[in-house]
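One chain, chain A, appears in both complexes that follow, with chain B as partner in the first and chain C in the second.
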Partner chain A sequence: MFTNILFLMSAVLTVGGAFAVILTKNIMHACVYLLSSLLGVAGLYVTLGADFVAATQLVVYVGGIVILMVFAVLLTGGSDAQKENKFGLSKIPLMGNNKTYTIAWITAFVVFMTLIKIISNIIKYYKETEVSAYTATVEKIGMLLVTDHVLAFEISSVLLLGALVGAAVIARPRKRE
Partner chain B sequence: MNDSIVSFLSEFAIYKAFVASVSAKIGFDATSLLTFVVFFIAVLLVVNVMALIGGLGTYAERKISADLQARQGPNRVGPYGILQFLADGVKMITKEDIIPRMSDKFLFIVAPLLCMVGVFATLAVLPFASGLMLTDLNIGVFYMLGVSSLVGVGIFLGGYASNSKWSMLGGMRGAAQIISYEIPVTLSILAIVVLSGGLSMKTLVEGQLGVPWGWNIFHNPFTFIGFFVFFIGALAESNRAPFDLPEAESELVSGYHTEYTGMRFAFFALAEYVEVFVLCGLAAALFLGGYLVPFNLGKGLPLLEQFLQLGSFVTKTLLLYYVVIWVRWTLPRLRVDQLMTLCWKYLTPIALFNLIGCSFWMYFFEGKSLWVLLFKSGAKVAAGHH
Partner chain C sequence: MMTLSSYLMISFILFLAGIVVMIARKNMIAMLLGIELILNAAALNFVAYTKFVNQNMDGHIFPLFIIVVAAAEAAVGLAIVIRFYQIKETIHIDDATQLQS
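Our next item is the complex of A and B:
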């Protein structure tokens, strides 16, 4: 029963947060709602017994992605001069224009259809089963990462190295020419 | 599932009998209900005690700083001024709660709460004693890193929502500093995880010995350096001097909480002091033997054992807390570029070096500590208390 309550709360947090993200007009508020949605997803992972993934969700999304998003929003700002306050800080950065809305709708449609395609199978062949007893997942994930999925693991490290080098190159002070 | 305070209690016959009697009275199995009640009481207790420690932290800060500067410090309220923090709390509550007109009201209200939630959520896995910790999650340290990153979001949003240049700069600095210093801190923790072979707090603590030569800090030269990297990183993560740039008084008035008044400001302050305690506790647990008592004193008497372990943990933590305050009132503040240089050009490479060094140490010496390798007698002593 307790797990069910936890699951329901997490689900409400996830879905409610997601709706709030798209309904709000303020992009900073959208980031905060996204935070609650991501926390909800972490809660869902916990109820499914994937503790390591849940903690990773917290570390990566809450600690990294959301802060990065907020940073990016603040550093780019909006282009509408009237939305700025008297300090020159952009109060409500622009949410988008017709072009971005069009692309967003097409993307949303494709993603939605893909999800329907995936979920339909699950619904069709769904059988009520007992949730298996909780087992530690860290060791299993670790073993799989360095055995079966070692290629993906190594490639992602190369990707990260590339990102790091790229960031260093961009941030490097340029010489005056 | 995980070890927790309930699983500790249910080893006692009294608790079992109590559960049975309650079950008989209400007509169904009361195990889950009592688990909930026990957790509720334990969490209430821990949160309140930690809030008290946070409050006493402000008092300790003022008293120790006064001592270091040959002053008196607060001495009017109560004996030695020890009730000063209560007076401050009453003052905070009765102050006018100002929300600036041009501020982002929603974020302004949410930001201090995010800080509080992030810090207090870490208390769930803090190992006070082998039985009295709230829960021993399988991924304890990792969970702690995850939820404590909410603090960064809170500080940043607090700075943004205030709609003031000082707050904005403070918030920006705070977020940049916190996400930068997370890297050396996490790498230092990872080195200890490599030594202990697990992420749960119990594994990490009980991989050590109660006596100083069995602590992780003296396990090998790499962990010795790693402790200092961790401690410096922890200072920066909790925005303590010499890394208190987000609230640098001389430049930014008061940084990200410039516009906050009353209890909202108190939330930020409380979150900071409790975070310092949590990080000191983490340092004690990872490097200084945590709750382990030398020579396993009190073994066989569960209550005495728990009490001694609690004492051991709190003593180590408070000593580190004293060092944190001592550092604050001794060292001048760094500049922003010095801060980033320290993190990215010194601490991160050192932490990486430590991690690789620890891994090699584990590979070549099969996890034996330096003392075991150096002295045969040390090996006997160490083996005798396993």
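Our next item is the complex of A and C:
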């Protein structure tokens, strides 16, 4: 009962946040709606019994990436000053106009028709199996990370180091020579 | 209500929303928001299949690596956006034409 209510609230939060990101015209509001959508995904992880993944989602995504994006929005001003490009033609506004939205919806429709065929097959032939009870997953994940998936673990640490150094080098102010 | 198909539909809607945001927007940061939505849809699929189909823990490991890669991608992408804004004073994607000529 409680899990059903949590599932419904999380699903509404996820889908509503995703559609609000599409429909809003303000980049700051889009960041906040993305925050609600990611919170909903974390709630869905909880209903699936993935407690460690839900906690990581909350800490890294909601607390880290969205805050980083809000900082980037604040640092870049978010206004399109010049309305014309270098050829003198009028530019598309920053958050898109009807033309770009039409192209995007047509693309989404094509992808929808392609994927719904696959998903309908899955739904049709999927047999309901008994679902395992909720157990703590932290210990199992910790054991798997240092036994079966240790190579991916080490590679991800190197990737994070590279991303950190790369971001620092790119964003560093350069001296005029 | 909590079946595999409902989770698949939610992640499907997230994926489509990410595609629409990525194509319709001309703001670099807004396009990054679309990429985050698509990555979340993929991770949700992994966890849902782990719960309902094979029930080993590998489907919980992969979303962790997806989150790590998304964090690295957001850090580097936003550094590039801020650097671009320092040079061109705009974040319109159509102004990034220096490699064209």
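In the analysis below, the second predicted complex is superposed on the first by the 121 of 177 C-alpha atoms of A that agree within 3 Å, B and C clash if a C-alpha of one lies under 4 Å from a C-alpha of the other, contacts with A are read in each partner's own complex, and residues count from 1 in each chain.
One rule holds for everything that comes next: a contact is a pair of C-beta atoms (placed from the backbone, for glycine too) under 8 Å apart; a residue touches a chain by one contact, two chains touch by 3 or more.
This is a predicted model, so every value here is computed, not measured.
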Message: Let me test your reading of the model: by the given contact rule, A:F7 touches which partner, first (chain B), second (chain C), both or neither?
response: second
Next on the checklist: Contacts for A:A104 in the overlay, against chain B (first) and chain C (second): which applies, first, second, both or neither?
Outcome noted: second
Task: Contacts of A:G64 with chain B and chain C, given as first, second, both or neither - done: both
Query raised in the report: In the superposed arrangement, does A:F52 touch chain B (first), chain C (second), both or neither?
Result: both
Classify the contacts of A:F19 with the two partner chains as first (chain B alone), second (chain C alone), both, or neither. second
Quick one: is A:L38 in contact with chain B, with chain C, with both, or with neither? Answer first, second, both or neither. second
Request  = Considering only touches as defined above, state whether A:A136 meets chain B (first), chain C (second), both or neither.
outcome  = first
The answer to whether chain B or chain C touches more of chain A is C
Chain A residues where the chain B and chain C footprints coincide 52, 56-57, 64, 71, 85, 91, 137
Given the complex, residues on chain A that touch chain B span 1-2, 26, 28-29, 32, 35, 42, 51-52, 55-59, 62-64, 66-67, 70-71, 74, 85-87, 89, 91, 134, 136-138
Residue positions on chain C within touch of chain A in the complex are 1-10, 12-27, 29-30, 32-34, 36-37, 40, 43-44, 47-48, 50-53, 55, 57-58, 60-61, 63-65, 67-76, 78-83, 85-86, 89-92, 94-95
Note: in the complex, chain B contacts chain A through residues 1, 32, 36, 102, 104, 106-107, 110, 137-139, 142-143, 145-147, 149-150, 152-153, 156-157, 160, 163-165, 168, 172, 175, 179, 182, 199
As the complex stands, chain A meets chain C at residues 3-4, 7-8, 11, 14-15, 18-19, 21-22, 27, 30-31, 34, 37-38, 41, 44-45, 47-50, 52-53, 56-57, 60-61, 64-65, 68-69, 71-73, 75-78, 80-82, 85, 91-96, 100-101, 103-105, 107-108, 111-112, 115-116, 119, 122-123, 126, 128-129, 131-132, 137, 140-141, 144-145, 148-149, 152, 156, 159-160, 162-164, 166-168, 170-171, 173
